[in-house]
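Have a look at this one before I ask anything.
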Amino acid sequence: MADNNVSEIMIRVNYSETDRMGVAYHGRYPVWFDMARTEHLRRTGVAYRELEDGGLLLTVSELQVRYRRGAEYDDLVRVRCWVREVATRRVTFGYVVEHAGRGDILATGMTSLIAVNRDFGVVHLPADLKDALCAIPDPVRI
Amino acid sequence: MADNNVSEIMIRVNYSETDRMGVAYHGRYPVWFDMARTEHLRRTGVAYRELEDGGLLLTVSELQVRYRRGAEYDDLVRVRCWVREVATRRVTFGYVVEHAGRGDILATGMTSLIAVNRDFGVVHLPADLKDALCAIPDPVRI
Amino acid sequence: MADNNVSEIMIRVNYSETDRMGVAYHGRYPVWFDMARTEHLRRTGVAYRELEDGGLLLTVSELQVRYRRGAEYDDLVRVRCWVREVATRRVTFGYVVEHAGRGDILATGMTSLIAVNRDFGVVHLPADLKDALCAIPDPVRI
Amino acid sequence: MADNNVSEIMIRVNYSETDRMGVAYHGRYPVWFDMARTEHLRRTGVAYRELEDGGLLLTVSELQVRYRRGAEYDDLVRVRCWVREVATRRVTFGYVVEHAGRGDILATGMTSLIAVNRDFGVVHLPADLKDALCAIPDPVRI
């Protein structure tokens, strides 16, 4: 996973994210993916906020998560993110969530995002954005 | 609490709202207040969504919550809401969260909201909104 | 969708659920699924809380959501839920989110849950739970 | 604010935290306080997770937030945290949320936490915990 096209963020599991089982609620993973995706875009030179301010929105059209093991309260987790595929109007990201201390995989996932304008009409991804997004083979099986 | 100016909503504590202690996370109560406030406004003839679409936003300027007892997973809770005070540019709501089955108070709270325009500039509350909002003495001590 | 084995809940999109696009954040749908699943279980005679108190936990192992159209602030949405498949240690639920007023589909999804004990060791689904869970063909394509 | 007894964390406002107004939803601030409090405790040598594992829980009994200005999407905010007061069974924390770039104050707040055992019975704060928690005068007006 030493690929230059895989970025990573670290997240400390907060009390607000835990549930009655004592682990991070499964619905938090899509948020972690979102945080990782934003930083991945930033690292490739794309400030998503500026895209939106310019009228281009990326709206999530598909989400998949496979959970292998829970992230406990106060655990430090690493979320790696990469671009899986870039199409005319859609970009797909892959994610893996790992326990930072032990290194084992807690979950994997993907999201597809569609380019839309402010009225939610589907549009083409701008050429410069497509160029910035470098799709790679999945470094781990999702 | 049979006052006509006190509205109520019922909320079933969902798994996503619980934390490691097995009760609803304390940070969920401001959301419950928001849900109760929206319905209270609706009951008094004010669709908040239409206010916003018309350019008037009510932004929270102050929040207070006193927690007495936890709401457990799958408990049904009742959130009562009323208007405490209406000023030129601000309206203050009161809340009490009760266990629906037992009837005891789990928490009380208040939020103050300021009227602003789309640029977050403070404005006067419209006269018809002020008329619709009927302030009453607190039915329970907050 | 008049099938007796499809249950439904109604959700009013709250301000807390909206995002900068003005629609319900995509990460809220897994929570809505959870709420719908809990009520579906209750309707089939299974109080999930009692299962957990008895030592049986159902932990989400897979989640998929396909988003077709956004749910706007204050929209009333209907979430339908059913059992897709029951296996020895796993149960899979299907979901469809519809705009209550217009009736069109906003999203579809599924979650698989694995039966585990308090130490997160995988166990068999109890026979009476398996009997209560009545799998049906998907009423809509997921 | 260069006091050694004031800790700080940095938070990048994620899309999931924004609302229809385009700023961080007011209900996220209690979560940010929680994150800041956890790190403040850690910095003073207290791993809250270990406290809980040892049977001592700190449950929030009071929350106050004053909001001055919104935190926009993708803004970097700094949350400072300190101990305001330590009593026999209760500890009170203060917080200030600042825009990291501009440095202006976005919100201030406080939470009181009560020491309880696993049955939510109120207990005394352990002597070593009280010693670790160093109360200071508020560095900013709350």
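Per-chain numbering from 1; labels A, B, C and D assigned in written order.
Here, a residue touches a chain if its C-beta (ideal position, glycine included) is under 8 Å from a C-beta of that chain, and two chains touch if they have at least 3 such contacts.
Bear in mind the structure is a predicted one, so any value in this text is a computation, not a measurement.
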- Item | Of A-B and B-C, whichever chain pair has more C-beta contact pairs | B-C
- State the chain with the largest centre-to-centre distance from chain C, centres being mean CA positions. D
- Whole-angstrom distance, CA centroid of chain B to CA centroid of chain C, is 28
- Any idea how many Å lie between the Cα centroids of chain B and chain D? 23
- Item | Distance between the centres, which are taken as Cα means, of chain B and chain A, whole angstrom | 34
- Per-residue multi-chain contacts in chain D, two or more chains: 15-16, 20, 27, 30-31, 34, 52, 73
- Task: Would you mind writing out the residues of chain D in touch with chain B in their complex?
- Result: 20-21, 26-27, 29-31, 34, 52, 57, 59-67, 69-70, 120
- Query: Once bound in the complex, which stretches of chain A touch chain B?
  - Reply: 15-16, 18-20, 22, 25, 27, 73
- Which of the residues in chain B end up touching chain C in this complex? 12, 14-16, 31, 34-35, 38, 47-49, 52, 73-74
